[in-house]
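Common to both upcoming complexes is chain A, partnered first by chain B, then by chain C.
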Partner chain A sequence: MRARPRTQPQPTTLTSRALRFFPRTDSAVVRKTLIGSLILGALIIAAIVTAVATGPVDIPLPNTVRAVLATISGESATSVTSTQQAVIERIRLPRVVLALGVGMALAVAGTIMQAIFRNPLADPGIIGTSAGGALGAVIVIAIGLSGSVLWIPAGSIIGSISALLLVFAIAFLGGRMSIATLLLAGVAIGSLLGAAVSTTILLTDNITAQREMFFWLAGGFEGATWTTARIVAPIALFGTVIAVVASRDLNLLLLGDDEARSLGINVGVFRIAMVILAAVLTGIAVAFAGIISFVGLIVPHAIRLVTGPDHRHVVLLSALGGALFVLLADTAARTIISPAELRVGIITAMVGGPAFIVLLMTTKTSRSSL
Partner chain B sequence: MNPRKLKSVLILFSVLAINVAATFVAIGCTDEEPTPTPVPPTSTPIPPTPTPLPPTATPVPPTATLVPPTATPAPDYSAYLDVPGIVDPTNFDWPREVESSEGLIVLNQPPALAHFASQGHAEIAFGLIDTSRVAAIYSFFADPDISNISDHVEGIPEIGSEPEEVVSLEPEVIVVSKFVNPDLVAVFKESGIPVLRTALEGRNGDIPNILLLAYMLGAEDRGLELAAEVASRLDFVRQRIVSASAPEGERPSVLTVSDFGQIWAAGADTNVDSIIHDAGGINAAAEVESFQQISIESIAAMDPDVIIITQPMESGQVFAETLMSSPALQGVGAVQNNEVHVVLSRHFTTLSHWNVRGVETLAKMLYPELFADVEFKDFETYDPE
Partner chain C sequence: MTATLPRNPLLASRLTDRGPSSISAVGGAAAFSAKDLSVRIGNSNIVDDVSLVGNFGELLGIIGPNGAGKTTLLKVLAGLLKPSLGCVEIDGVDLEKMPSSTRSRQLAYVPQITGAHPFTALELVLMGRYPHLRRFQIESEDDTEIAIEAMERMDVAQFKGRRVDTLSGGERQRVLLARALAQRGDVLFVDEPITSLDIKHQLLALQVLKDEARDRSVAVCAVLHDLNMAARFCDRVVLLAEGGMIDEGEPGCVITERRVAEVFGVRARVTRRARSNGVTVDLIEPSD
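Showing the complex of A and B:
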C-alpha cells in the first residue's frame, strides 16, 4: 500500500491569505455594516416601541409617547396619570434599557469567544464566567444578603472574575497558554463551579433562599431599575466599542496564531484582553439578569450566517442583534401569559435551542464556517 | 319481775321491733312480706315527701336511668361513608382496607409507625395520633415559617430526601401527596412498604383527608372530632360573612404575593384562592393560573383592595415596604389605604386543615367589625389526655 503524497501548501503570502479570507475593502464593509445596522436599528426601535407600549396596565399609545417624552425631558406630562407615568418611567423604560444592554453584552461576549477560540460553538459560559457569576450570586443568597439590590450583582461579578482568574491560572500552569488548555480549563472550572452551585442550593436549609436561587438562575429583568440599567448599558456599549475597534485583529486571529503574530499582533496579550472583556461583559449581564442562555451562542452565529465571517461587521451587528433578541424575548416573556410572566431565560432557550439546530443544519449544508 | 315493769319492757321491744321492720320496709332491703301492722304516724323514720326541685335542676330523663353509667352512645361514623379511599366505611374493626392510585392497602391493626412524606399530611396526622407513631420528619417540618407543627417535632428523627432513609425506619405505611415523585413512591413500594397517595387540596379544611388518615391510623373518633372542629370553624366564618357582609360582587379584592427575588402571585385553582373566597374576598389574581410570577406593573393593573404577603416576616416586611413605596403602586387601593399586610405564611401556604387559620386571619382582616369579638386560636395537636 503506497502512502498518499501529502498536499503541499500553496506558496501564498499571509497578507494574500488574509485578503482572500476577508476580501472586502473597508468601504464594502462599511456599506454592509451600515445596511445591517439600519435594518437592525429599525427593528430595535420597533421592538422598543412595542415593549414600552405593552404591559398589564392599559396605557393609550398617545399617553405612552407623552410619558416617554416626559421621562426624557424631565418634565411632567399632561393628561398622563401618575400611575401611567410611573409605569412607563420606572418599570418599562428601565427594563427595556436593561434588556438591550444585557443582550448586547452577551452577544458581543459570544462573538469574542467564538473568534478567539476559533470555534463557532464557543459561548460566554465556556470559560466558566457564567458559572462563576452564578456561584457568586447563589452564595450571596445563601448567606442571606440578597435583600440589598446590589449584593447579588456584586457577588456575581466577583464570582465571574474569580472564575476567570482561576481558568487563567490553570491555563498558564505550563508557562505558556494555549487555546486548548484555556478551553479545557474553562470547561473544567465551569463544570466544577456548576457543581458548586448545585451543592450550595442543596445544602441551603432555607427553602425561601432555595427558591430565590432557582428563580434567579432562570434569568429575568423584573428587577430592572434605572440604577441597574445605568450600570449595565454603558458597560455593554463601551465593551461593544472596544470589540468593534478590535474586530480587525479578531479577523486575523482566525487565521491562526502564527499568521496573526506575523501580521503584528501580540497574540497572547490580545487574547487575554479579549477574554477579560468577554468575561466582564458576561459577568455584568449575569449579575443583573441571571443566566440567560443561547444569546451569546446563537446571535453571532446567525449574524455570521447572513453577513459572512468578517468581524468588522459581525461584532457590531451581533451587538444590535443580541439587544433585539433579548428585548423581544423579554417582551414576549411578560406579555404571553399576562398578567403573569415567564422567565426570559426560558424564552431565549425555547427560541434559541430550535433556532440553533436549524442554523447548524443550514451551516452544515452551506459549509459555511468561521 | 314486776308485772308493770314487764309490760313496759314488752311495749319498748314492740316499738323497737316496729321501727326496725319499718326501716327495712323503707329501704326496700327485705324480701319479707311487709308487716301488716299499721305504722303509727309518730313512729315512722321515713322523711316526708321531698319538696319539688328548683326549676334550674333539670329532672333526669327517664331513659337515663335505663342506661348503665359505664355505657356511652355508639359513635356516629356516618361521616366516613363518603370518604374516598375507604373501601368499607361501615367496617371499624381490623383488618381495614384503604385504596388510592397506588393500590389497595390492607391493615391488620393500627399502624404503630407511619411516614408522612408531605407536610400537609403530617400536619393532619399530628392532630390525630401521638407523634411517637410518626416515623420521621423533613427539615422543613421544623421551620416555623412554613410548618404548623414545628413546635411538636422534637424527638422525631429528621431525614433527608434519600428514600433509603425512609425505608430504614421501617414504617408500616407511607402517605404521600400527588406532588411526590412517582419514582420515589416506586422505591417505597418495591421495598414492601404500602403507600397511600391522596390529593391534598387545602380547600374546605381537607376534611376527607382528615377522615381517611384517621380511619387508616385507627383514630376514627379523634378524626370525627377534628373534622367537626374544622367544619364548624369554617362555617362560623362563612355564616358571619354571608349574614353581614356586602354582596359577592362588592367584596374586597385580595392579592396574595410573595417575593423570592421575583414576585409570585397565587392565582385561580390554588388553595389560597379558596382561602380568599372563604374569607369573603375576591382573588385579584384570578386571571393568573396557579402560582405565577407577576410584575409590579401587574399589581398596578390588578389594583387590589388588600395585599397579603405570604413569606417569612423579616423579608416580608422588606417586600411590603417596597410595595408601599413603589411609585407605580401609589394609585393602588391597597397601598393608598395601607392595606398591605405580612401574614403568617404557614397558615396560607400549607395544604391541610391549617388553611382554616388562614381563612380566619384573612376574614378578620377584611371584616374587622364582624370578628371584633372573636379571638381565633390555633388547632391543637393530638393529646392523649
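Showing the complex of A and C:
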C-alpha cells in the first residue's frame, strides 16, 4: 500500500554500538552529549599530556603528569627537576591552554555562523571580523610598536571591532538588519580588508617586519604566556556556555525566520546577539593566535556528521572538538620539524581538509548539510 | 532528565469552561480579532483595512486570488509581521504586547513550505514542543508521545527517522501540520495547508484541522485555494481581493457564481447542497 517502507533499517555505527553500553536515557540529546563529551574529554586529556611531554626538552611521562598536577595545585612536585618544572609551567602549559581556548572559540563561532546564515560554508571569518583583526595586527607590526606582547592582540581586537561595526552599519542601512545584506557586506568588507593587509605587507620595507607579518598571518601559539592564556581561555569558555544556553534557539533559527518566530524566539534580537558573540570569539582567537583557518568551518560539520544536527549537542561537542583539533595541530606543528616550527594554520588546513573528506566519504547518510 | 509536562493553564481552563460542544464563542472573548489592519509595503497596501474575528472551535477559511494579501494577513494575525496600522488581539490580549514565549504557546503557525535543513521529521515535530519546555529541559517521553500522535494524525509517523529534506513537498507539508498540532496552541494559523497534498491527504488534513477545532476548541484559520474544500470544511470564510475584505460569512453565502466571476475572474456553476448545508463549485472557464 505505502510507497515507502514504514521503518528504515538503522545502520550499526560505532556510535550506536557504543550507546548500548550506556545506561538508558530517553533522550538522544543527553546520551549524545554525555558520550561525546566523555570521548572528546578523554582525548583532550591524552592530547594535553602528549603536548606537555613533547618538545626540545624531553620530559618523561610520569614527570609530566606530576609537574602538571603540581602546577595546578600550586605545590612543588617531587622528582621533577626545576628545569622540567619551569619548561612545563612557563612554556608548555600556557601554550596548551591558549591552543585549547582558541580552538574552542573558533569552533563555537563557526557553529553559530553556520546556523545564523543557514549556510554550510559559513566560517568564523565570514563577516570580516578576522580580516579586520589581521589588518589591525599587521598595522601594529608595520608601525613597529613593541614593548608589550599585548600590542599586536590589542591592534587586532581594534581591527576586528572596527570591521564588525562597519559591517553592521551597512547591514542596518535599511533600518532592519537583513541577513542577506549582513552576509554580503561581511564578504565584501572581508575582501577589502584582505586587500588592505596585502598592501600593508607589500609597502613594508623592513624584511624582518614583513616576515613577522607572514608568520602572524599563518597562525601560531609561540608567543603564549599565562597572560595571554588567561585572557583567551575564560572568554572562550564563557562564549561556549552562552552558545550552549542558546543552542535550542539555534535549532529554530535553522528553520527560517517565520518558523523560528512562531516557535517562540525573538529572531531579530537573538540573531544580532549571536553575531556579536561569534564575532567576539573570532576576534579574540585571531588576536592571540593569528589566522587559523578551517577549524571553525570543519569541526562543526565533523560533529554533525557523527551526531546529527541538533545544536543541543553540536555546540558543546564542537567546542571540545575544536579545542582538541587545535591542540593536536599545534603539537604537530612544533614537533614535525623540531626544533623549528611549522605554523598551526598550515597544519589545520593540511590535515583537516583530507581528514574531513575521509569522514564525508565514510559516513553513509550525510547529516551535515545545513 | 525526566520532567512533567507543563500544562497550559489557559487551555485547561477553557476546555472545562466551555467544553468541546460550544462551537462559537459569541458573547465571550474571540479567539483572535483584527481591527482595521493595514500592511503597507512601498506604495501599495498589501492588506487594506481588514477587520475580522475568529472564534474558538471554528475553522475559518481565507480565500481569494493570488496577490490578495492572504499570506500577509495570516502572518500579521500570527504575530510574525507588524501591521502598519491596526492591531490584533489574541483571546483579548494585544498581540504586540505578548512576549514571544507566551505567543508561541498559544499560537501555532504553519508556513507554505519549510526551508532546507538537516533535521529528521520527528526532530522537526518535536520542535513544536520547545515552547512548552524550560530552557534546559529536554523533551520528555510525553512530548515524544504528543509528537508521534500528531504525526500519526497527519499520516507521517512512518517518516519519523527520515530527514525532512528527503521528503516530497506534500509529505513535508504534512510534517509541518503535525508540528503545529504538537504545539497544542489555542489558535492555529495555516497557510495553504493542502496545496501540495494528494486528494486523500487533502481530505484527511482538513478533517484533522476541523476535528482539532471541534474537539479541542481551537480556533483554526487556514488560507485555502480550493473553493470546494473551503466550502466543505470551513465554518466561515473570508474573501479577500487586492488586500481588502470583500465578504465574510458562511461558505454558502460568500461563494456565489457572481463573486467567483467578479473576484476570481472565473465562470463557474455553484450548486447548493442541501444536505451538508454547503455548496459545490464547478469551474468552467476564465471569464474574461
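The definition used in the following text is that the second predicted complex is superposed on the first by the 328 of 370 C-alpha atoms of A that agree within 3 Å, B and C clash if a C-alpha of one lies under 4 Å from a C-alpha of the other, contacts with A are read in each partner's own complex, and residues count from 1 in each chain.
By our rule, a contact is a pair of C-beta atoms (placed from the backbone, for glycine too) under 8 Å apart; a residue touches a chain by one contact, two chains touch by 3 or more.
Given the structure is predicted, the values throughout are model-derived calculations rather than measurements.
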_chain B versus chain C as contact partner of A:I91, first or second or both or neither_ = first
*Which superposed partner A:D58 touches (first chain B, second chain C, both, neither)*: first
*Based on the superposed arrangement, let me know which partner A:G264 touches: chain B (first), chain C (second), both, or neither?*
second
*Touching A:D310 in the superposition: chain B (first), chain C (second), both, neither?*
second
*After superposition on the shared chain, which partner residues are touched by A:R334: those of chain B (first), chain C (second), both, or neither?*
first
*Considering only touches as defined above, state whether A:L203 meets chain B (first), chain C (second), both or neither.*
neither
_chain C residues touching chain A - in the complex, by the definition given at the top_ = 1-2, 75, 78-80, 100-101, 103-105, 107-109, 111, 114-120, 123-124, 127-128, 130-131, 133, 135-136, 138-141, 144, 158-159, 161-163, 183
*Given the complex with chain B, which residues does chain A contribute to the contact?*
55-58, 81-83, 86-87, 89-92, 141, 146-147, 205, 207-208, 211-212, 215-216, 220, 222-223, 334, 337-343
*Of all residues in chain A, those that touch chain C in their complex*: 2, 4-8, 10, 25-27, 29-30, 118, 245, 248, 251-252, 254-259, 261-266, 304, 308-310, 312, 365, 367-370
*What does chain B use to touch chain A in their complex?*
139-140, 143, 145-146, 260-263, 265, 267, 285, 287-289, 292-298, 300-302, 311-312, 315, 318, 326-328, 330-331
